[in-house]
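Chain nomenclature is as follows: A, B, C, D, E and F, assigned in order of appearance, with residue numbering initiated at 1 for each chain independently.
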Amino acid sequence: MKPTIQKDLKDLLLTGLKDDGFGLDWTTLGTSSVKNRQSLTAVISAKACGVFLGETLALAAEAASVEIGLPFKVRALSSDGQAVKPGTKVSEWKGSAAGILALERPYLNLASYLSGIATRTRVLVDTVESEWKRKKHSGIAPRVTSTRKILPHYRDAAISAVMAGGGFAHRVSLSGGVLIKENHIAAAGSIRDAVEGARSVAPHGLKIEVEVRNLSELKQALHCKVEIIMLDNFTPSEVGKAVASIASFDYSPLVECSGGISEKTIAAYALPGVHILSIGGLTHSVTALDLSLLVK
Amino acid sequence: MKPTIQKDLKDLLLTGLKDDGFGLDWTTLGTSSVKNRQSLTAVISAKACGVFLGETLALAAEAASVEIGLPFKVRALSSDGQAVKPGTKVSEWKGSAAGILALERPYLNLASYLSGIATRTRVLVDTVESEWKRKKHSGIAPRVTSTRKILPHYRDAAISAVMAGGGFAHRVSLSGGVLIKENHIAAAGSIRDAVEGARSVAPHGLKIEVEVRNLSELKQALHCKVEIIMLDNFTPSEVGKAVASIASFDYSPLVECSGGISEKTIAAYALPGVHILSIGGLTHSVTALDLSLLVK
Amino acid sequence: MKPTIQKDLKDLLLTGLKDDGFGLDWTTLGTSSVKNRQSLTAVISAKACGVFLGETLALAAEAASVEIGLPFKVRALSSDGQAVKPGTKVSEWKGSAAGILALERPYLNLASYLSGIATRTRVLVDTVESEWKRKKHSGIAPRVTSTRKILPHYRDAAISAVMAGGGFAHRVSLSGGVLIKENHIAAAGSIRDAVEGARSVAPHGLKIEVEVRNLSELKQALHCKVEIIMLDNFTPSEVGKAVASIASFDYSPLVECSGGISEKTIAAYALPGVHILSIGGLTHSVTALDLSLLVK
Amino acid sequence: MKPTIQKDLKDLLLTGLKDDGFGLDWTTLGTSSVKNRQSLTAVISAKACGVFLGETLALAAEAASVEIGLPFKVRALSSDGQAVKPGTKVSEWKGSAAGILALERPYLNLASYLSGIATRTRVLVDTVESEWKRKKHSGIAPRVTSTRKILPHYRDAAISAVMAGGGFAHRVSLSGGVLIKENHIAAAGSIRDAVEGARSVAPHGLKIEVEVRNLSELKQALHCKVEIIMLDNFTPSEVGKAVASIASFDYSPLVECSGGISEKTIAAYALPGVHILSIGGLTHSVTALDLSLLVK
Amino acid sequence: MKPTIQKDLKDLLLTGLKDDGFGLDWTTLGTSSVKNRQSLTAVISAKACGVFLGETLALAAEAASVEIGLPFKVRALSSDGQAVKPGTKVSEWKGSAAGILALERPYLNLASYLSGIATRTRVLVDTVESEWKRKKHSGIAPRVTSTRKILPHYRDAAISAVMAGGGFAHRVSLSGGVLIKENHIAAAGSIRDAVEGARSVAPHGLKIEVEVRNLSELKQALHCKVEIIMLDNFTPSEVGKAVASIASFDYSPLVECSGGISEKTIAAYALPGVHILSIGGLTHSVTALDLSLLVK
Amino acid sequence: MKPTIQKDLKDLLLTGLKDDGFGLDWTTLGTSSVKNRQSLTAVISAKACGVFLGETLALAAEAASVEIGLPFKVRALSSDGQAVKPGTKVSEWKGSAAGILALERPYLNLASYLSGIATRTRVLVDTVESEWKRKKHSGIAPRVTSTRKILPHYRDAAISAVMAGGGFAHRVSLSGGVLIKENHIAAAGSIRDAVEGARSVAPHGLKIEVEVRNLSELKQALHCKVEIIMLDNFTPSEVGKAVASIASFDYSPLVECSGGISEKTIAAYALPGVHILSIGGLTHSVTALDLSLLVK
């Protein structure tokens, strides 16, 4: 089962159409001798390797085409999360020519963005898992997660893309998690005060996570029995020391590494005792996956 | 004078707050022993080199802070379009602690995205201009322009970012320009039919642009006296031949190159006779500029 | 092919229903002994001569009827842009009585407004074309275009109506055209400065249009080689002189007349050398075309 | 005290700005060498005789200018409902040049539309009152009222304009009045059934109004003691007969005439015994009042 | 025929889904091994006695399920306004498991709220009618009506619920009725001034209602021949005196009692000469009717 | 520090004004001889005992009054969460008479609703705490929490009200918590499968909660080491047995009781070993707190 964001995607597509002033598309109006509802078939293909995320989006495009009175039908040729390469056909659209041409650009803009997120996530997840196997570690390799570094209007969609690439969500919103950072600790006076304060107000279903910058802060947090430790900007070797320090305590918090993790460095962070690797760049620096639509 | 998109940016910030479920931010609620309106001063700085685009956005954040009843004041320390490097202070915020902490993430998400676009544009523009000077060409170097490959909700903001980096807008929407592409030619039957059709319907203030894939199509378009020629996916040497071919005609259309232009290849496209270099990646593949907020 | 504004029209109809507080329509609630979905057939007819623009709108009404859970089916009896006279049947609606009665007034309000615009445009276009033939001018008669004098929420719909009457769009928005007016010239310092300023920032696909108030300004504009000249509030004889003056230059800009053009005066402006006649009144002073719905 | 629709008007102005794509106004961007917030003074004047309705709208424009970050201040020079003639100054705006130029067109579009409604209403009201005095009738002359023939998004604004011209509102919405028409009578079976049905469901604060097409229907309605009679498409002499017939009954309903009332015929309908004259054309066929803004 | 608020209800359901962040429902995502569109059948039943109001709402849920791309079909097992008891099946849903589980909570929240209003109304209406019969009064028992004490977004829906329980609407909005209260009288100077002022501006289809606090005010209002008298916070015996006083006047206004009416006291207010009993608590203090959904 | 929902509250107030059609408030228009901005002072007081929640809402009303162009100033006389009794003054408003009268009803509707929730919560919280002290239990008494049984548009506001009354939030949305219920277990096949499934997809910051209906299910859940156990519809004595059973396990999950908890029964559930008492009725069945506004 996948996140159910088809409605969000339809709304984004309709906004894309509005941004385009599509009602008065002079080029199409001038070059089509045909009527509005004349039929057409088009195929969308990948032009690069990556993870495709445009199947549900295509259903949303189908729904949007009905909404604007220019309906077409979609046939999925690749599924969300599927690996594609140049030439892989991903979707076939059949119906209103005007509808297909209007939705082409908004669809491609969104699909290439979401697929770009999924693709980058998949690369990082695969790197972690390969390293894990290569080193023959037991247990489960660390999760790769996104952060809240996501553009307004794109929260759920971008998280879905991370999941399609094999990654996981961090807290979805400020009301869906507790993450005590530097500024919060400063405001509360100490890690202990911050943790107690958070425990006294947060819903009972949320774990308390604390971001630490060094081993001293780490120990303070562990003394508070926080459920999750975030090692902020630790080098891999510092992570190793931190994990050892944690092991000396009488409970087992989750351990997250954050900061400085990229395609180049992630393997070094895939260490036993680390459970989560969070990467802002998954969603804030996206390379679009090249997709194109061709009228048959 | 700059594009006037402060209202758009405020709306995006408010959406960012909504995505964040900021009303019930358990961490801040739990760790602040202070009242909602307690004052705070924070400074935002760059952590990388690039072109900053967050001055107007900060004014929008100030307006958003009033809207949510948690007001703070903004003092600009860098201006939109200014070059920054690690450590450059860009903005100072003073006022409601809750307001500053709530708007921190939406502001940074947007500022780093827009600055990322401006930064990439600046690099490409500078490359073109250096090459132009190096080769001692006369006249004006080609414009670097964006395309319509922009996420829904971000059209005007992204174009503003391209402009802040020294680039230019292409048509803003389908109703604000005419660009005849492969599919339109197919629909109309021929380049001549497509051009005549477009001329017969488009507002008189719009030039007719035709995308051509080879020299044969180029000549057909020139025979129609189209105001703008787009050379689609031409190599630099093919562009040279096209420019020569165009020079043999009795009028001087604008010439645009599109497809395959990147940091690596753009210098080779900065050729006399070429007026516009359009690059989808300016807006579809953005590397965020690293910015961070620190409470004083 | 026609502008694709069915979605806009549906949104306007739904707003019309909301304005009407249609959910609690006491009269219909009290006088119908029938159930919500009981069927009905109604026919909409013209009660005056004019150009009908309500076919796409009726499809939008059909879609709106589904949206509110009171569906009916529409059969077009006249098409958009068709000439009608008293008694001409234009649309047949069959289905939910409550749906038909609820949408009757919003549909008629919009259809009579849009048809009113189309009708007035047609009269002016016909006058221009008759005069052109009568005078045996060669080439194409001037276009009749609308302006931006359109009520908020009605931009695309009103332009579509002008087109249905045989007219053309002027720039659709400020981002889709360049028109330098008196205030801009004052701000820039001179016509030359204004034109150069506009050229330096406008997208390459937009022509530069300058509004001139006299022959002196006209010459300045021509020296700048602006693509379009707007003769503002020129009498027909002054237009004649302007056209002669333009002919003495070495290029051929488009020439637009604006100001003081109405049913009474337009024939006098249909002069060779004039390409565009723009008329604010097409959209700011509309006489609704009388249409009515009758339950069979 | 006047209707309080400043918020509605601000929303309409902001929509007008959006329709205009005002953020990327190439002309203003290109011709202003000045910064966004540079100051300017502009004066709006009437260019024709009529009733002005743009004072509250100017306050809404002031509020909108703040909303978009380009603030200016408004000084009212004429008040809502005031008679103006060519040259009458109505409003002075002082502040952000970009703000004033952006809001100029949306303001003028709305002000000339609303003033157009007020102006036409005033003419009709004055005609009725002159006729009443001329004939030396006692009591109060009939009210001139609008109908529901108002474009979506403009219900309250248009009614306010009718009131500014000395007219009155009819029911504002379907939930704010009961008006039994031909179709309702057909649905209910008879006038009696329709009236009883409406009485059984309508809120107790609403009077029952019935539209009648002839004297026979009039009598049926009078037998039901309906509070308001609408004489639909009666000639003035038929109205006279109807009034006489009503006088023979033992109660005094309000009497409304509707259909065929215009500047030419309204005096003939200003008859004793008639209380309301309703005219769809007040709002469906509006001639804009000419207003213009000049930068000082 | 019932109020036609299916669209309002669908919008409320979609808002409910948004409040729930339903796109990333971790529990359902994690526990369903099944695909998004796998089928399911669920039955909704009452768990308490009351008046059901969820039939139209279920159709709205069906429409919402299509909107979010997770469609199911609804079969009504009870109709709006029907009496139910524990175990009464009210609705069967068949289709997308994800759609049914997502809409379960928003549907139940709304249905139990609306049914709660209908249930309370029914109890009060039945009490009035029983008392009326018990006392063998002739004529019609007083209406039970709601007030404007309704939460934002719920005006029409709550009024529909009151009607489903056998009650009536008071004025739907400030533009759909005239009710002169204490503050208005103070502002106008006297009851006479207030009534004359209201008559001079209100649409002709609205009756004038005045709230009086004692017999002296009552007489003033009666001298103004107001169409409706509201006896504010009168005890039953004071109401009796007021009714007697009214009977001594030469016309028969409607009489409304308001304030202090509840399940305990309403029978005492069901007096001849009283036409309306209005009760804010019908909508401001609602006890939800217990309903639950069970997957078959 | 309190939840920051002033913006939400302002939006609700503006919706309330729209529901009221406040622009054409005939009563106020007719009875005020004064101008729109004439000043007034009004005081809002409690008319019953309870917990007040209207201080932030009054600030939102102040902001809304500016938004509609009828500004007034608010002075808080009671603070959010404060106990009030009949006669306690809670807020003073000073400024535009029209603004105060327009916002009176929406403010009171919302304030009495939110205060009603806070009041009921306070009663239940006090009962639990009294019982805890009376029985001399050590540790912390169970939390009283709300559920997701909240009307659309009111999620954050209602949770804030619960908190103002001393209660706590449950998960705010489906994306902010994991709660495995009967239907999920059925879908997954077993409690173990459901828990493993949820763990495999949920963000790492969320605890897993499982609803159990009997001791057998309880044991299965405990064997899965779920972080939270919800005892669904257990009687107090069954809860006792469950707590004993839990104590025999080697870890200490949180224990929540849900179902059948009310003012009458809650004391019996305040048992050692129980951490959370969740009550749908806190938000689905609200008795409004009586508040009224009086013009001075």
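Basically, a residue touches a chain if its C-beta (ideal position, glycine included) is under 8 Å from a C-beta of that chain, and two chains touch if they have at least 3 such contacts.
Model, not experiment: these values are computed from the prediction.
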| item | value |
| --- | --- |
| Partner chains that chain A and chain E have in common | C, F |
| Contact-richer chain pair (by C-beta pairs counted) among A-B and D-F | A-B |
| Chain whose mean Cα position lies farthest from chain B | E |
| Interface sides of chain A and chain F: same vs different residues, half threshold | same |
| Distance between chain centroids, defined by C-alpha means - chain B, chain D (Å) | 45 |
| Whole-Å gap between the CA centroids of chain C and chain D | 23 |
| Whole-Å separation of chain centres (CA-atom averages), chain B against chain C | 32 |
| Residues of chain C whose C-beta touches two or more other chains | 21-25, 28-29, 32-34, 156, 169, 172-173, 175-179, 201, 203, 206 |
| Set of all touching chain pairs, with the criterion as stated earlier | A-B, A-C, A-E, A-F, B-C, B-D, B-F, C-D, C-E, D-E, D-F, E-F |
| Footprint of chain F on chain D - complex, ascending | 1-8, 10, 56, 59-60, 63, 156, 159-160, 169, 172-173, 176 |
| Chain E residues within the chain F interface of the complex | 12-13, 15-16, 19-34, 97, 101, 105-106, 108-110, 112-113, 116, 148-155, 173-181, 183-189, 193-194, 197-203, 206, 281, 284-288, 295 |
| Of chain E, residues touching chain D in the complex | 143, 145, 156, 168-173, 175-179, 201, 203-207, 209, 227-228, 254, 256, 275-276 |
| Residue ranges of chain F touching chain D (in the complex, touch as defined) | 14, 21-25, 28-29, 32-36, 67-70, 98, 102 |
